[in-house]
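Worksheet: the structure to be examined is printed underneath.
Note that the chains take the letters A, B, C, D and E in the order they are written out, and that residue 1 is the start of every chain.
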Amino acid sequence: MAADAVATLNRTGSPGRNTERVREILGWYESDNPGTKTNIARLLNHGYLAGTGKLVILPVDQGFEHGPARSFAVNAAAYDPNYHFEIALQAGCNAYAAPLGFIEAAAARHAGEVPLILKLNNHDVLHDEKDPISAVTGSVKDALRLGCVAIGFTIYPGSANAKAMYEQLRGLAEEAKANGLAVVVWSYPRGSSLSKEGETAIDVVAYAAHIAAQLGAHVVKVKLPSDHIEQVEAQKAYAKSAVPIGTLAERVRHVVQSTFDGRRIVIFSGGAKKDRDEDVFDEARAIRDGGGFGSIIGRNSFQRPREHAVKFLQTMMKIYAGEVK
Amino acid sequence: MAADAVATLNRTGSPGRNTERVREILGWYESDNPGTKTNIARLLNHGYLAGTGKLVILPVDQGFEHGPARSFAVNAAAYDPNYHFEIALQAGCNAYAAPLGFIEAAAARHAGEVPLILKLNNHDVLHDEKDPISAVTGSVKDALRLGCVAIGFTIYPGSANAKAMYEQLRGLAEEAKANGLAVVVWSYPRGSSLSKEGETAIDVVAYAAHIAAQLGAHVVKVKLPSDHIEQVEAQKAYAKSAVPIGTLAERVRHVVQSTFDGRRIVIFSGGAKKDRDEDVFDEARAIRDGGGFGSIIGRNSFQRPREHAVKFLQTMMKIYAGEVK
Amino acid sequence: MAADAVATLNRTGSPGRNTERVREILGWYESDNPGTKTNIARLLNHGYLAGTGKLVILPVDQGFEHGPARSFAVNAAAYDPNYHFEIALQAGCNAYAAPLGFIEAAAARHAGEVPLILKLNNHDVLHDEKDPISAVTGSVKDALRLGCVAIGFTIYPGSANAKAMYEQLRGLAEEAKANGLAVVVWSYPRGSSLSKEGETAIDVVAYAAHIAAQLGAHVVKVKLPSDHIEQVEAQKAYAKSAVPIGTLAERVRHVVQSTFDGRRIVIFSGGAKKDRDEDVFDEARAIRDGGGFGSIIGRNSFQRPREHAVKFLQTMMKIYAGEVK
Amino acid sequence: MAADAVATLNRTGSPGRNTERVREILGWYESDNPGTKTNIARLLNHGYLAGTGKLVILPVDQGFEHGPARSFAVNAAAYDPNYHFEIALQAGCNAYAAPLGFIEAAAARHAGEVPLILKLNNHDVLHDEKDPISAVTGSVKDALRLGCVAIGFTIYPGSANAKAMYEQLRGLAEEAKANGLAVVVWSYPRGSSLSKEGETAIDVVAYAAHIAAQLGAHVVKVKLPSDHIEQVEAQKAYAKSAVPIGTLAERVRHVVQSTFDGRRIVIFSGGAKKDRDEDVFDEARAIRDGGGFGSIIGRNSFQRPREHAVKFLQTMMKIYAGEVK
Amino acid sequence: MAADAVATLNRTGSPGRNTERVREILGWYESDNPGTKTNIARLLNHGYLAGTGKLVILPVDQGFEHGPARSFAVNAAAYDPNYHFEIALQAGCNAYAAPLGFIEAAAARHAGEVPLILKLNNHDVLHDEKDPISAVTGSVKDALRLGCVAIGFTIYPGSANAKAMYEQLRGLAEEAKANGLAVVVWSYPRGSSLSKEGETAIDVVAYAAHIAAQLGAHVVKVKLPSDHIEQVEAQKAYAKSAVPIGTLAERVRHVVQSTFDGRRIVIFSGGAKKDRDEDVFDEARAIRDGGGFGSIIGRNSFQRPREHAVKFLQTMMKIYAGEVK
């Protein structure tokens, strides 16, 4: 039975020792204090992918971002904040990320069971803007009192309001690091100066990942890039150097390269719910083969029945673990 | 005589013990400290509906919101701040909510007689805006020195200024919780990107309730929703999942579901004064039958003579208590 | 059944309204803000004696003061922090007072069920002193986060360290009052300049009660005084004015008079466990007849089996309520 | 190989889920926020005894307390701060506790590998006192930046300076809890009013454990008690109630009972290095059989060669796990 | 010419790049931020011994400690604060340490020329005590505004006031580290519980070095130890483990071992001015051969004419560099 799993599992050998790969990754964060390194290690050492250096994270901020019915009506069990902790646990995700309310509603009963990322800013679509900015809806103190390993923060490079978000992030990240927390940045290009296609253009996504890393993120989350190149000046550079961006794996590799030559953890989101699971799995294979660190999978997880979701997430993890081709 | 009621009533059995239902509700607030749980219990254990898990709250911020004559001329006794304490007490409401001035004017003489909610922000119509934002007119320290059980705060999802309000609420809620107070959020969709009809559309009201809960509200107050669906993307989601929203009770149920699957207290306002009391009672029946937690009734209470108001409120309570069909 | 008691009890009449006597008592605290008045009202309106202006409070700091075995071995159920909440609830005490650990251990599950007084300083006998001073073991912020109505604080007038305690109390009381809490002061004469007999001498006890009131206490707790007069100068004064101190009731009356002519709540402790209950009851009758406000009964309550304790406490209450002669 | 242990171990079932016993223990800390509950869970879920509710902790503050040669000369490898992390890891201890310098010296390279307790005060014997007080040598902020799960603090009940230590602990514990850390208190009776024999007398040890719990400790550490009763008043109480203290297991049971009737984690130290391991194992059996939660084993661990130490610690754990009689 | 000295002296090609030894030493400070590591590197990379991992530091706090005439009359040029900067520069010392006034008086004109250590506490002999405590005479902010690489702080283990000094150091070290400074601790056993001989006893010096390291010092400075063993309990430990302490080099080795097994920089002072330079050189040879990191040489430097001092210091450095036997 699951309830005894921890005790059983930890009764062998040397529990807790970091793998070589985890040590290597932690080595990239050499300016951070042991507290922050500890919390990055917790992210890397939890769940099915523990110790592999790969991550699958469950984020559930869609209720805030798109409204509850658009997020949860298709699988009504997901209205319950406990449901997502359960999915993350049962599937063996590395972490669960959500806004304040969802974390507060169920963190105590799941104390210590899954690493938590408190999303410190959030956006809703009741008021739409060309140049969006999220509201800051949580604090570093909230993250500490709720037992989180990291704060999460979204920036919209390309927005006329990007600078305000960068500056909010700066202050929150400084406070988080001083208190031993990790910093996860969602970097989503959006705004009046980008075309719709440009939001996932390879040059723009790579640029957004780089900005997040420059702002001090330990973990960077971006969308999977297309082979479109949005910026005219960038088009010249990509052409001149013949940067390989033909396949998704190549583009993932380029984004990872753009994020300090692979010395920051970069994970990718799948975006809107896909019709065919095989499409998501193919993306995971491309992320893996391109040297990406994993996926953050929201709607594709919680918008289906629980057992399907668990099976789906575990297939993802097996792809990253190399157990499924 | 009323003056001896407390002593008489409490002379039997085990005063104070929470009912099973109250314990269940308190269990949803597992991240909160005992102080906040105590003040939520005070809300639930006061008045006619004490212990039932249902609430009828008297709010009087209309003087600030609409001006005194529009609010009180029809029943001039209501200009007096004491009047509203008296109504709340005589009718047995769970709590009385008002801005700083009204609370300061009469809290001392009614010390301990009715749970108080200090409305920390308020809006007036002397300056009208398409995208409103309320002024912060009170503090958590005010709530403590005035003996309140909760702070109240209004957000206007859909306003271009919504984010500023979310951020004000974030800070005030963090401080309130640290000091053992509860947080009641009025979530009223308004603003330039919503149609008038959209302000009470079922998708928008459910969304507004969800946002309030994600911002950390213990009690969420929304308007009763219509069967209109405002957002195009939401229309698809409601249709696809065939969310039942045909009756008012069904819509209430959907809003409650959208607020952490019923794990937050959601109460509803009746809006503008109704011509027929029976219409308000029908709404209360729908709230009760849809699993809502109660009503917050302002103008329908204080814009009529005192004895009528008390009788009206008590009929409401009997509906929630199941004593009146 | 007890579990439904609140709902049943509050379904009649006008719950919450203060009695005339409670209003009169609250009127003495006219410099206090409504928050503090509210919390004094909560003390006066809870339990069997609600509304009568009389109080029976259960204090359990003896574990800290005398050690656990001396306190609880005789009734081992009392080792459990939940036990005391249960006794206070079942008997209908006005409040339960204890140090930080005991309150933290069970406050959440009993949220709102009984008014709590957090004892902010405590003393142990592992190191004995002629001129004792207690350690400050809790804060006003603790009291707020735990949902307490008051802070409790012990002073030892007569100790060479008394001034340090007065000054600690001053700061804590100022903070408590600003945050709407009440202040309960245990005033126990002790120290190298008092004889053992002098600790309960009528002149000394009256003096200690007066000092506590002058330090800003809302509720003063002293030991029952003997007819001994300790101070030579005082002996002259008592003789000259023929202050009646012959009976216990007269001495209680004098202590109450000494505490702002009865305009502060003064309660009395019974001290060590008595062999005969009737002796304790006689003391209660004397307190009642002398105009005292009630008793604070620790060891005589929790050092006997639960049902005996409840019956014992309820007899005390009936004496104060005038229902038992 | 050990380096892959985590990944291998966590690839099965539902990693992270708390056992029933861990949930039960966490339930005792109902006033704490989810952060503190999370860190208590981390203590309980690490190492060989993960999930059992039992703990074996490695403390290494003897270098500070007794000097380096007295602590480490017998096993010179132990001069190296890394050595102790290695022992804790290899043996599968629940946690490692040490002063600032030792933690700073090796926390980064072992990030996340073993739960850390930062000893915030320490004492040395270069200046000896009858009534000792430790120096505060670390801060809550240090604990956060170093990734610790708890602060550790020593009090000396019985010292003339005890009150100062209680008050230091009060402030540090309040700050630790607000930031989601756990509080471990070493409660060691010492001082001019206790005989040498009295320091481990059953009444004194039980009293010291009770005081630590009343001060808000989550985990209490005391020495194993003898059957001596130090305090005259206590002798009467033990005799009157016939408290069973004849065997070590009975005395452990009494100490556990004295710590909120077993609702706080109480662990025991073995004291000075024993000549025969079997004596230490017998003590562990008594702790286990008396309902104690485990051991904190310093000198008996690190004052012998590494492989012996690991084997010794693992035998201890097997006794607690019930795998060795 | 002096201006080229540094580059030449850096002994091996590539100015700026840390040597293997410096990298190894920096690796011991793994919990520190890059700012602190940078300032430790500056200490290690300056002067004649740059890159060797050895240090010779010039301290001039004797004016404060013993009065100006006792310190400077013998070489009146030394009254001038500029003089000491000049000596340090000309000789190629790793750093210059002094109280606030001396640093303020000449830091600007020598900006960047020699690493500075601001002594934050100082003691004078106008008032003498058995249990001394130094006055805090500078701040971390002073150290920053004056361009220092480290703060210096003296503790007197063995003093009845030692705890107060440890606690001052704790706070200052935390602040210094957060601001990227290094922490140098002078650990000088003194006080009423030590014999005069005990102040330099091998057990006491090793203990004092260990305490400084546990308090978080990056660099520890102690006096050279004698073969006396002061503490009775320590005598047993040294005998039992046959710790070799017969020669000065052996004793140095034991002190280095006691300071985290050599994982902290430990330097030694020569104490009072020696009559024969060869005695000082012999001590340096013993420090070098015992694995010590260098010397801190005050009176033996500035109490002789400038050119003699420079030659004297350079001989010391050549001994450490292995260029002089």
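FYI, a residue touches a chain if its C-beta (ideal position, glycine included) is under 8 Å from a C-beta of that chain, and two chains touch if they have at least 3 such contacts.
All of these numbers come straight from a predicted model, not from anything done at the bench.
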Enumerate, in label order, the chains that touch subunit D and subunit E alike. A
Furthest chain, CA centroid comparison against subunit E: B
Quick one: compare the interface residues of subunit B with those of subunit C and tell me same or different, with half as the dividing line. same
Superposing the Cα trace of subunit B on that of its twin subunit D calls for a rotation in degrees, to the nearest 5, of 180
Of all chains shown, the one whose Cα mean is least distant from the combined Cα mean is D
By C-beta contact count, A-E versus C-D, the higher one is C-D
When centres are defined as mean Cα positions, the distance from subunit A to subunit E in whole Å is 48
Per the C-alpha means, the centres of subunit A and subunit D lie apart by a whole-Å value of 37
Rounded to a whole Å, what is the gap between the Cα centroids of subunit C and subunit E? 60
I'd like the Å distance between the centres of subunit B and subunit E, where a centre is the mean of that chain's Cα atoms. 67
So which stretches of subunit A touch two or more other chains? 33-34, 104, 107-108, 141, 145-146, 178
Where do chains touch, given as pairs? A-B, A-D, A-E, B-C, B-D, C-D, D-E
Subunit E to subunit D touching residues, read off their complex: 28, 30-32, 131, 157-160, 162-164, 166-167, 170-171, 174, 189, 191-194, 203-204, 206-208, 210-211, 213-217, 231, 233-234, 237-238, 240-241, 243, 254, 257-258, 260-261, 263-264
Interface with subunit B, subunit D side, in the complex: residues 30-31, 33-34, 178
Help me check something: in the complex, which residues belonging to subunit C touch subunit B? 2-20, 22, 26, 33-42, 44-52, 89-90, 92, 104, 107-108, 110-114, 141, 144-148, 178-180, 321
The answer for subunit A against subunit B in the complex is residues 63-64, 66-70, 72-74, 76, 79-81, 83, 99-109, 122, 124-129, 133-139, 141-142, 145-146
